[in-house]
Amino acid sequence: MPNYELIQQDGLETSLLEVSMGPHHPSTHGVFRMDVKLDGETVVDLKPVFGYLHRNHEKLAEAMSYLASMPFTDRLDYFNSMTNNWAYALAAEQLIEIEIPERAEYLRVIMSELTRLVNHVSLVGFFVNDLGALGTPLLYAFREREKILDLFEQASGARMMCNYFRFGGLRCDVPEGWLDRTREVVDRFPKFLDEYEKLLCENEIILSRTQGVGNLSKELAINAGITGPMLRASGVNYDIRKVDNYGIYDRFKFRVPYSKGKVGDCYDRFMVRMLEMRESIEILKQALDGIEAGPIMGNAGKVFKPAKAEAYGRVEAPKGELGFYLVADGTTQPYRYRVRPPSFINLTVLQDMCIGQQVADAVIILGSIDIVLGEVDR
Amino acid sequence: MTLALHHYLILAAVLFCIGLLGAFSRRNAVVVLFSVEIMLNAANLNFIAFWRFGTNPELLHGPLFTLFTIAVAAAEVAVGLALVIAVYRHFRSVDLESLDTLKEE
Amino acid sequence: MNWELIGDILLATVPLLVIFPSMFALTTWVERKALARIQNRIGPNKVGVPLTPYGGNLSLFGLGQPAADGIKMLFKENIVPTGADRLFHLLAPILSLIPAMLVLCFLPLEFPWLNGEQNSVKAFMLDGAVIFFFAITGLNTLAVFMAGWASRNKYSLLGGMRAIAQMVSYEIPLVLSAVVVVMIVGSLNAAEIAEAQAGWNWYVFQPWGLAAFVIFFIAALAETNRSPFDLPEAESEIIAGYFTEYSGFKFALFFLGEYIAMFAISGLAVTLFLGAGGGPGVEALPWLKVIWFLAKVCILIGVMIWLRGTLPRLRVDQLMGFAWKFLLPLSILNIFIAGFAWHAKKANEGTAVSVIVWVAALIILYAAAKGLDHVNRAKVKPRTYQYGE
Amino acid sequence: MNEVTAFWILAAISVIGALVAVRKRNLVHGVFALLVFFAGLAGLFLLLLAEFIAVVQILVYAGAVGILILFAIMLTDRVTGKDAFRVTSRGSFWGAIIALAVFLVILLPTIREIPLIENATPKDMIVEQSSVKELGTKLIEPYIVTIEVLALLLTAALIGAVTAAQGGRASEKGENTE
Amino acid sequence: MSLLGGGIFKGMAVTLRNFVGSYFDKERLTTKEYAWRTDDKLPERAGDYPKEEAEQLSDTTTVTHYSRNFPMLLHDEGEPMDTVRCVACQICERECPPQCIYIEKSKDKMERGGNKAQFYPATFDIDVSVCMSCQICVEVCPFDAIVMNSQFELSTPDRFGGLLLRRDDLLKSNDYYHKIHPEEAAARDKRIADEKAAKEAKKKAAEEAKKKAAEAKAKAEAEAKAKEEAESAEKPAEAPAPTHTDAKKEDNGE
C-alpha cells in the first residue's frame, strides 16, 4: 500500500497521496518518471526520475572513430537530428584545420532551421495535447512536419535519423529540384502558422490554463543554466545564433523573440516558440535566396585523426544550447566525448516550477520544458 | 392478501429498530450518523403510510411533513458530518469511545 | 395481471432499448470518422461486411467498425486488479448503465404505435418527469465513485473524486437552467413541456431560453464528462481516470453508459429548449415527431463531437470556478429575467414591447456574462513580446 | 406481479440494506448498503403513491447525502474505508437489548390496532389529489412560514457545516481560499 | 472588448474548415488510404502480409527513390557470386557504428570483370535487428560494393535467424539498384565509369607512353642494331622487349 503522510493545510487534515507518474504514462514524453506527492490535486513534492533510456552514448563514442559517432548523435534528440549533427560537426571541425564550402554552410543553415520548424511545431502540438486537446493541433502539426520530413528524406535518405552532416561539409548534395520544393514548403508555412495561431493563441481555455502556471524567474533560469526558448520565455535575450554567429548566421537578418516580463510561465514558453517559427521562416527565405551551386564537401581527408586538442562546439538547437566537448589524444578515437544536452539541463528546474501547482499543471509544465528522453538519458 | 397499513407500520418499526441498534452498538461516528438516517426514514415511511391509508389524504399532511423531514435530515447530515470532520481533525479519530476527554481530563 | 399495461410498457421500452444502443454504435463510428476528418485523417475505413470466402468484401466506409469493436470488447479477458474490491468493480459499470437507460423513459418520444394521448410513453407518464430525470442521473455519480474506489488505483481514485466534485457542482446550473422552462410552462411533465413548444414556439428563441440552453448544454457536457470537461478521464494527467483498470466488457458497459447518458441529456435539452418533436410537417405526419426528436439529438451530439475535436480541457479549480462563479450566478439571474420577461409579455401583448424586452434581456444577459468572465479571468489575456536583434 | 409481491421485495431490500449498513465493517460498503436502503424506501413510497416524495428521496438521499457521507469517509478514514478499530461499542449488548425492547414496545400497539385501519382511499383519488402542482400549492399557501424557516435552517446548516469543517485555521488565513 | 468565448469560436471555425477541407483539399488530407493489394482484394490469409518484393517497390507511398533502409551487396551482370563487387576488405566491418556486419574472407582468390584476382566474402552477415541504417558502410566502401536497399518488409516469424541477413540474401544486382535508387545509381555508375575511363585513359596513356618508349627503344635498338649490324653483320637479331601484360600488372597494382 502507498505511503500516506498526514499534512495540515487550510485547517483540513488530509493525507498525502504518492503517485508515481511514469515511466509508463501517456504524457511524460517517453520513459520519464515523476514521483509526485499530492495533497488532493496539489503537488507538494516532485522528484524527477530518469535514466530509463540510458544508452551509454558518451562512453560508446570514446571507443569508436570520430565519424562513427555521427549517426549516434541523431539518436540524442531524435526530433532534431540535423542540429545534433551540426553541433558535433562543429566540435570536430575545431580539432582540425578544415574548410567548409559555401554551399554546405547554406545547406546547414537551411537544414537546421527546417529542424527548428519541425521541433517547435510538434512541440506546440504535444503541449496542447497535454492540455487535453484530442490530438487535433498535434495532427495538424504532424501534417506540416511530414512535408519537412519528406524534404529531409529526399536530401539524406532518412526522415528522422538523417546522419547528414560530415566533418567539413555534408554527406551528399541535395537532389535536383530540392531547393524549389523547399521554397514551396517554406512559402506555405506562414499560412499554416496563421491557422494554427487562430486555433490556439486566442483560445480562452489555453490562456487560462497556461498563464501563471509554471513560473520560472529570470534569476533562477540564468542560475540553473537554462537555455533556448525556455530562457527567452523568462525574459533573457540570449541566442547562440546571435552570440556565437556559428556557421554563417551573421549573414542573415533575424530577430530573437523574448518575454517582456521577469517571470516566464507556460504561456510565454508556448508563445516564444510560436514566434520563433516565424523568424526561422525569414532565415530560410534568405538562405534559399543566397545559396549557390558548388561543392558540398571541403578538403577533408578520408581518415579523421586530429592532434592532441580540446574543442567545444555548440549550436542553438531548438531545445536550447546543445554542446559537444571533445578531447582528442592524437588517435582516431576521441579521448573524451561529452554532450551538453539542453533537455537535461532545462529539466533541472522542473521541481521548482511544479511545487504548489496542480497535478494537471505538472504535466503541462513538463510539456512546456520540451524534453526528449533520448537526450536527457543519453 | 391486500396491503394494509399494518404492513408498513411493522416494516417501519423493524427499520427503526435496526437504526437504533446501529446507533447503540457502533463506535464509528459516521455509522452512527447512518443509523440516525435510517431511523428518520423509518419515521418518514410511517408518515406516508398514514397519509395513504388514513382519512383526508387531500390535505397532504404526510407528504408535506416528509418533505420537511427530508430537508431537516439533509441539514442534519451536513452539520453532523462537518462535526465528524472537525472531531477527526482534533482527535485524529472518529471512534466515539475515545472521545471522552470531558470525562477524564 | 394487467396485460394491457405490460403490453404498453413493452411497446414503449423495447424501441428505446433498440434505438438508443444502435444509435450508440452509430455514434462511435460517426465520432471516430468526424474526429478523424477534423484532424485531417481518414478514420475507420476497412471494416465492413466480411465476405472474403466469396471474393472481396464490402468495406462500407468502415461501418462495421462498431461491431468489430464490440466483438473485440466481448472477448477480451476480464482483468480485476489484485486488491481491488471485486464486487464493486463488477457492479460499477452496471450501475453506470442503469440510470442512463432508465432516464430515457422520461423523454417525450411519441412513437406512432402507442395509444397514449399526452406522453407516448404512457407507462412512464410521471408527473415529475424532469425532476425524476435529474434524480436518476445523479446516481451516475455513485457508479463513478464505485469504479474509482474499487479499482484500488491512485489514478482511478483521483478520477473518481474529480468526477464526483464535477458532477455535483454542475448539477446545480443544470437544474437551475431547466427550472426556467419548468417555471414558464408550469409543469414538470415532459409531455406538457413538449406541447407548450408546439408550432415553432421553441424556448431557445427566447433570450432567457437561449441563455438557459447554453448553460444547460455546457453543464450537460460536464455532467457527461465530455471535452472540455473530461477531467475525470483526463488521459494526459490521470491515464483514464476512473476506468483505468477496466477492460473488456466492463469497459464497454461504461462506454455504453456514457454515450446513453449523452443521448439522454441531449434528449432532455431538446425537450426543454428545442421544441421536442416539433418541426416542419409534424401536423400532417405525426410520426415525424420521433424523427425530428432524434435528429435534434444527433445535432447536439455532433456539436459535442466538434467541441471534442477542438478544445483542450480545463483544470480542476477552473472547472469548479466556472460552475460556481460563472454558470451559477448567470443561471440565477436568468431565472429572474425569465420571470420579468414572462410578466412583461403577459401584461401587454404588443410586438414592440416584446421586441424591446427580447433585446433588453439579451443585452443584460450578455453583459452579465461578460462581467462575470471579466471578474473571473481578470489576469488572463494575450501578451505581446519583444525582439532582440 | 402485483403490489403485495412488490411490497415484500422492497421491504426485504430495505431491511437487508439497513442491516448491512449498520453491521458492515467496511464503511464504503456500508454507505452503498445505505443507498440500497434509501432506494428500497423510495420504491415503497412509489407503492404508496407518493411519487414526488420518492423523487425527492432519491435526489436528496441517494444523490446528495450518500455522496456527502462518502466524502466524509474519504476525509476521516483511510481510503480503504476499513474501520481500523473494534467495530462494536462497549455497550453494544445493552444497546441490542434496548433496540429489541423498543421494537416490541412499538410493535405491540401496532398489532393491536390492525383491525381498526384497513379501508384505504381509492388509488385514483389519491393520485389526483397528490399531483406535484397540488403539493406545490399546499407548500406555498398554508406552509409558507414553515418553508421559509426551513430555508433559513438550511442556510444556517450550510454555513455551520462549512465553518465547522473548515476549523479555525482558514478564518485566520482570511480570504485566501480559492 | 472581445466577444465572449471568441477564441473558442475561432478555434471551432478552424476545425470546421479542416473537417470540410479534408474532403476537398488535397493539401489538408495528406494521408492516403492504404490498399492491401492493387487489385483491391483482401489478402488470402494472414501470413500473406510480407508482400512480394516487386509489390513493395511499386508502393511509392511508403518508399521513395531516396529512402534508405538496410545495406545490400551489389553484383554486376551475371551469376551473383561470380560478379560480386565486394573483396572482403572488411573496412565496413571496422567502421560500422553498431557493429552489425560480420565478414569472413575467402581462402582463395577470384577474378572478376577482367580485373586482378581478389578475395571474396566467404561469409557476409548483417544483423538488421542491430543495423541503424546510418549508411557509413556505404561511404567507406572503396569498391562501391555495398549500398542501401529500400526494402522494408522484413518481418519474420523467426526470432533469432530471421533478421540475420546472409550473404546470399544481401546480394542484389546493379539493375535492382537502378530500379530502387535511379538517381543515386546513375550518379554512382557515372562516377565508376568516369573513374574507369580515367583509369583507362591513364592506362592508355601509360601504354602509349610505354609503346612509344618501346618503339623508341626498338627504334633506338634497331638503330643500334643497324649500327651494330652495320658494325658486325654476323650477329642474329633479338626479339623486341615491350610486353602488354607487364603494363597491365603495373596498373592493377595501384
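The first chain written gets the first letter, and so on, giving A, B, C, D and E; residue counts start at 1 in each chain.
The criterion applied here is as follows: a residue touches a chain if its C-beta (ideal position, glycine included) is under 8 Å from a C-beta of that chain, and two chains touch if they have at least 3 such contacts.
None of these values were measured; they are calculated from a predicted model.
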Far-end chain from chain A, centres as C-alpha averages: B
Higher-contact pair (C-beta pairs counted), A-E versus A-C: A-C
Maximum centroid distance from chain C, chain identifier (CA atoms): E
Chain B and chain D: spacing of chain centres that average the CA atoms, whole Å: 6
Averaged-CA centre spacing for the pair chain E and chain B, given as whole angstrom: 89
Chain centre separation (chain B, chain C; CA means) in Å: 35
For chain C paired with chain D, centre-to-centre distance based on mean C-alpha positions, whole Å: 29
Chain C, residues touching no fewer than two other chains: 38-41, 157, 309-311, 317
Per-residue multi-chain contacts in chain E, two or more chains: 8, 11, 14-15, 18, 28, 30
Shared interface positions of chain D, touching two or more other chains: 52, 56, 64, 71, 75, 165, 167
Residues of chain B that touch chain D when the two form their complex: 1-11, 13-28, 30-31, 33-35, 37-38, 41, 44-45, 48-49, 51-54, 57-60, 62-64, 66-68, 70-79, 81-86, 88-89, 93-97
Chain B-touching residues of chain D, taken from the complex the two chains share: 3-4, 7, 11, 14-15, 18-19, 21-23, 27, 30-31, 34, 37-38, 41, 44-45, 47-50, 52-53, 56-57, 60-61, 64-65, 68-69, 71-73, 75-77, 83, 85-92, 94-96, 98-100, 102-103, 106-107, 110-111, 113-114, 117-118, 120-121, 125-126, 129-130, 134-135, 138-139, 143, 146, 150, 153-154, 156-158, 160-165, 167
Chain E residues touching chain A - in the complex, by the definition given at the top: 5-8, 10-11, 13-15, 17-18, 28, 30, 64, 66-68, 95-97, 132-136, 139, 148, 183
Residues of chain E that touch chain C when the two form their complex: 1, 4, 8, 11-12, 14-16, 18-19, 21-23, 28-31, 33, 40-42
Chain E-facing residues of chain A, complex: 64-65, 67-72, 74-75, 136, 140, 143, 146-147, 150, 153-158, 161, 163, 171, 175-176, 195, 198-207
